[in-house]
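Structures for review follow.
Paired with subunit B in one complex and with subunit C in the other, subunit A is shared by the two complexes that follow.
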Partner chain A sequence: MIQDKPNTPTAPTFRWSDFFETWGGLIAFVALAAFCSLFPGTRDHFLNPENIRNIIHQNSFIGIIAIGMTFVIISGGIDLSVGSMAALIGGLSIYAMNKVIGGMESEWMGVVAACVAAPLIGMGLGLINGLLITKGRIAPFIVTLGGLAGYRSIILAMADGGEVRSSSMNLFEAISSPRNGIPLPAWHNAAGDQVSMSITWPIIIFLLMAVIAQVVLSHTRYGRYTIAVGSNETAARYSAINVDRVRIITYTLIGLCTGIAALLLSSRLNSVGASNTGNLFELDAIAAVVIGGTRMSGGKGRVWGTIIGVLILGMIDNVLVLADVSTYWQGLVKAGVIILAVLLQRSRSEN
Partner chain B sequence: MACTTHRRLSLTTAALTLAALALPAWSAAENPATSSPAPVATENTVEQPTSAKLRIGISIPAADHGWTAGVVWWAKKAQELYPDVDFTLATATTPQKQISDIENMMVKGIDGLVVLATESAPITPIAKRAHERGIYIVNVDRGFLEPVADLFLEGDNKAFGRKSAQFMVDRLGGKGKIVILEGIPCTVNSDRVNAALEVFKQYPDIEILGQQPAMWNRQKGLEVMQTFLVKHKKIDAVWAQDDDIAMGAYKAIKEAGREKEMWMLGGAGMKEVVKMVMDGSAMFPANITYPPSMIATGIHMAVSNLRDGHRAPVSQFMPKHLMIDVELITPQNAKDYYFPDSVY
Partner chain C sequence: MAEPILTINGVTKDYPAVRAVNNLTLSINRGEAHGLIGENGAGKSTLMKMLSGLEHPTAGSITFDGKPLNLCTPAEAMKLGIAMIHQELNLIGELSVADNIFLGRERTTLGLVDRGSAETAALKLLNQLGSNVSPRTRVNRLSIADQQLVEIAKALSCEARLLIMDEPTAVLSERETTALFRVINQMRLHQGVTIIYISHILPEVRRLCDRITVLRDGQYVKTVEPREADDAELARLMVGRDLGDLFPQRAPHLPDTVLEVRNFFVDGWVRGAGLDLHRGEIVGLAGLVGSGRTEFAEAIAGLRKRRSGSVSIIGEPADIRSPIDAIRHRIAYVSEDRKLRGLHLDLSITENSTLANLPTYGFPLLNRSARQAAANQHAQKLGTRCSSVRQRVGSLSGGNQQKVALAKWLDTKPNVLLLDEPTRGVDIGAKQEIYQLIHGLAAEGKSILMISSEMPELIGLCHRILVMRNGRIVGSLPGERATESDIMHLAAGLRENRVA
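For the complex of A and B:
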């Protein structure tokens, strides 16, 4: 019923614009990676396995949120509240954990409490956003702009503007520590030293969620409905799709993603800075989704593109430091790569 | 009953709304000259005594990193000392917001204003207007472009950069490989970093391996340091200039198992770091103050210079410019800078 690619199946003629629309993000990714591997300022370190692991690990938190953002944007919405929400969820989970550790004197139970609390609080907050948008009939931009200010404000008030510190000594930190995870077989590097490295839990969770999300998007009824709602809401309504329900599920889903990301991130720092944790995450997540080829106005998109978007953003941050680019010029380099990546894959329909 | 409560509630709301709308009139009504008590509900519903309370406005940047959170905390702490003073505290993320905050305070009718400017230039005109109205202005940390403040309490960011860099050079014996972690690009950051670079440049054997922004933020400090550690096989010291950054970078160093190889100098006296200095940590041999409590100093000065008609006599001897020196925190004096219940 809903065709997200109206031309390609019947039209055998090859068009470069179609090719770039599909593969532009990937081409930009490969080109950037190739450039970083060859550029004199970065080539010595960029392909170092540890560096690559660091890039994916550091960006898995944003990546998990961006997966949820992909669904929201495909459904024709936007969520600006995720950064503040991550700080609030992280803070509340640490409070819950500290309470349990203090009360039951078991670090294990405390960490379990945080792991249970974070996704649930995230889904709860996402559900509130979804209900305000659908039942309250307020534009997603406004509702989540409110969330951006409001959630941050709650955690600032609770933490008195400072930091929420975990009382777990090692166990909570262990979840996101780069030392843990699934160990890769050890190898010898160029200098002859034996090197071992793990694929960390945040990376595993991020990639696993990406695979599940791509399957949900392209192979389930919910996924097809999300695309339908985003491409033409009125048509979706006439086709007896419960548009409100699809929307509510979408915002609850990004809440869940934010909850998981918040848990991993607060484990990474073993604390949450009420004032700065999650700052501008919403923009990074939206940028990743758009770089990945999802249409800003909804109705079309892909999770794997978002993953590429996240990695492109992460690679830029990484090579700026490796090449020691001056602080003031970093923004321009970033802007250039982002615009180029999107330019490569613009579709004719949007011109 | 339920109906009455509801009506009373809505009446109160209406009264509050009116009060908010008629703010200029409201403040005029509460002016000691007119002396008739205003019949509207005041925000804190405290009866105004016949002799008007001292009113002081405090305008500071919003907590967007650890140090500014410390400023907000100390501002609240100083207010608690003077329950008899009517304080208005506003935090601003941008100069635009700060200008409206100060305008609102002027409408409310303040006697004194304590300002830590988000940016110097845009806040100068509004400070000038307040000055022309006869409001006593204490300017903290970031100076105005014109001499409109009655008292300017300045933190010395250049000395911060100079002293911390000199400590690092001396401890390295004038020779070593260092990395520099910068804050959010702005005047404060440039003052610190440029002053430090001037010192480092005098020592040709000090090699700066990298210099990157870490946004006064723990996560950024961690991530940038991870990349530095991949890139540089040998680092002797890390000049981090802020303790949020330093804590993040410290984590990266620990995870890489390279604690023995290098040491670090943060700055601004975060309690965890001061504690480590106090305990003789090898990673943090020292720290440098840039006390967020300077806002409390400013509030205290404003109150004591204004109360009981002190303004005129005090102005005869009070200097117009006080520079707060930055001090090196070492294991010997660390206990004087350790505030375990502070947020920072």
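For the complex of A and C:
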């Protein structure tokens, strides 16, 4: 009964549950990183700058999608279609690139075509999801479950179940290559050898998008509306918020993120595997968002939490490989971390 | 002489930050209806939680039926015969009436639920309560009043001897309230049930109860019989000071028309309603629940589709089809349902106060300090009691939540305010403040339409009172000369003087 709380203003009292709700993800991150740096089986390799760079690089693709997923989940929705969508977008972009390279004899123009096509196709597919959810009044889970099956099916049919190979010689691959990017100053490692390394383009794009997304969420009208819609859709409508528009933008936004991720991902492999590219990305992205402290039912969340969630998942994969644990166990460890994170962050109000 | 069924002896309850109940001693007689009143934070709900096993006293003892009461869970309270009916009903909409009544205590035959015998038993209980609801009906098809009867039937089915009712009439119409009171009196007579009745609506408490206990700041103030104290005296006891006149002195309004609404039709609710609002005028909109008042106001504010009807503002036609249009034409609607529609309870005061007006706080980036300054300014002007504007709205009292809801709409700088039940679930001290605020807004030249089910506040505050019935405005009464019986006659259709 809300109106019988004491009338007098009281300063909010400290509670451990609040503390963990806010900082649980970061604590878990630091704890895991500390463990990886100290555990005898992994400490020799884990703190190696190149290893850390690789963790971020390899997870930037999921990370970019998870940024979009943060908005979707905060708005009270879900998007299960992103994995299949990434494969479809990647495949279509490579088709477009190959067409241009074949027709115009210019690798440059082909790569530019792919770079333009991928985000646009992503936004288009996201827009379709958004329209079906708002104007078609179908639950996001159902619409995007359809996307999960449908988009995958299209790319499988187009590639005849196989691969879509890029006809770019090496320019397309260069985008996501670990050798390119912004070089760091060279240094000498423990053995005295000179080492040099670059911050790759996917890392730069990922972190840049994260910063922009956090600013959008906290400091723009659209961001505040997204939170309001997820927190109480009816009250949002009564507050003169165009709820449908907010939700359509949100799904278009995750489409854009998926498009960018798909471009980088297909560049990394210089091809798209119709059956395996992007497979189960939706679950990793949702897991990262949840570990990051975004409320599954919407109305509350943060982008930086998601970034930590992505890095935690990446570290788990990495450290298990370093410790020579069978990859078959990775799923179980991730499951444990996800459940633990949610347990720590469960707020009083949801009990 | 009456023998007590419940004795509360020097009970204290401490929370980390506050002493909610302080050395309270009180006894309730068997078979009586005992009213419990007090402002928000007076300790009523903490006391009720202790009686229903949700909380435990820090000190003192409670005796029920001659035995010390040591409850650990609500289920134990139920076993002893203490049932509580909360303001928000605890029914499962998708289940039938009978299923709800016997929820958790299903009658079984060979391990299978015996629907037939449950329905027979439910029917018997409902008949005792004078209800003709079918036990097979799904609960979400019932009116709130009928749902409440189902709750009462559930309590009776557990052989409750002490029934605690928390604001049961807040969502009932006058007629439903009368019916509920009849049921309560019957239960006392035939089943010997004792009632503890909590309410903010003083005339009702005086009508129903044999004795009334007033609490203030967690302490016992006084127990009176209804004939010993009138509403003003009860209010004085609750607040601890003389409230003076509950309503501010009526001030004249200007003659120019600000809002003209004509011939509104909303499917299922409004059948040709219209009204005029003048500058600085407070117009009341009375009517029974279901008369279409809320739907009419929502349609004016663009929240509900209308089939036909026109609006003009200061003589200019205004095409309002969405809440965004309404804001552009400086019309604001403050909903009766704060929790569901009016506010985002898990967001801060700042967030709520500026949400409807975000487009004015900068693009692409919002100006955070401007938003906080605006929220602070509203909180100051409206007298919102909070630790800071960063506080979650859900942690405020009802009266302060209402002020935040008001702030949200004042932030859009409206000329016309449509206030739907602005004092619902608000204690008397806060009510008086809200009356002052409404009065002040009218004095600033805003035009106010105030929907209310509490006739005294319409009579006390409004220049004019419109009465709505079956989707039409059926009468207009001058505020200072209207009586409750005038309004009731019009609202119930016993008399009609059609206007507008």
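To be clear about the criterion, the second predicted complex is superposed on the first by the 338 of 351 C-alpha atoms of A that agree within 3 Å, B and C clash if a C-alpha of one lies under 4 Å from a C-alpha of the other, contacts with A are read in each partner's own complex, and residues count from 1 in each chain.
Throughout what follows, a contact is a pair of C-beta atoms (placed from the backbone, for glycine too) under 8 Å apart; a residue touches a chain by one contact, two chains touch by 3 or more.
Quantities reported herein were computed from a predicted structural model and do not represent experimental measurements.
In the superposed model, A:40 lies in contact with neither subunit B nor subunit C. Legend: residue contacts after superposition of the two complexes on their common chain; A:225 is shown touching subunit C, with no touch to subunit B. In the superposition on chain A, contact of A:185 is made with neither subunit B nor subunit C. Of the two partner chains placed by the overlay, only subunit C lies in contact with A:235; subunit B stays clear of it. The interface of subunit A with subunit B does not overlap its interface with subunit C at any residue. Listing the residues of subunit B that touch subunit A in their complex gives 62-66, 68-70, 72-73, 182, 185, 210-213, 215-219, 222-224, 226-228, 230-231, 244, 248, 251, 255, 342-344. Taken in their complex, subunit A has these residues touching subunit B: 44-45, 48, 50-51, 54, 58, 156, 159-163, 177-179, 265, 268-269, 271, 273-277, 279, 317-318, 320-322, 324, 327-328, 330. Only residues 1-13, 215, 219-221, 224-225, 227-228, 231-232, 234-242, 299-300, 349 of subunit A touch subunit C when the two sit together in their complex.
Subunit C meets subunit A in the complex at residues 16-18, 20, 39-41, 44-46, 86-87, 166, 303, 322-324, 326-327, 333, 335, 339-347, 351, 355-356, 358-359, 361, 363-366, 368, 385-387, 391, 394-401, 408, 412, 425-427.
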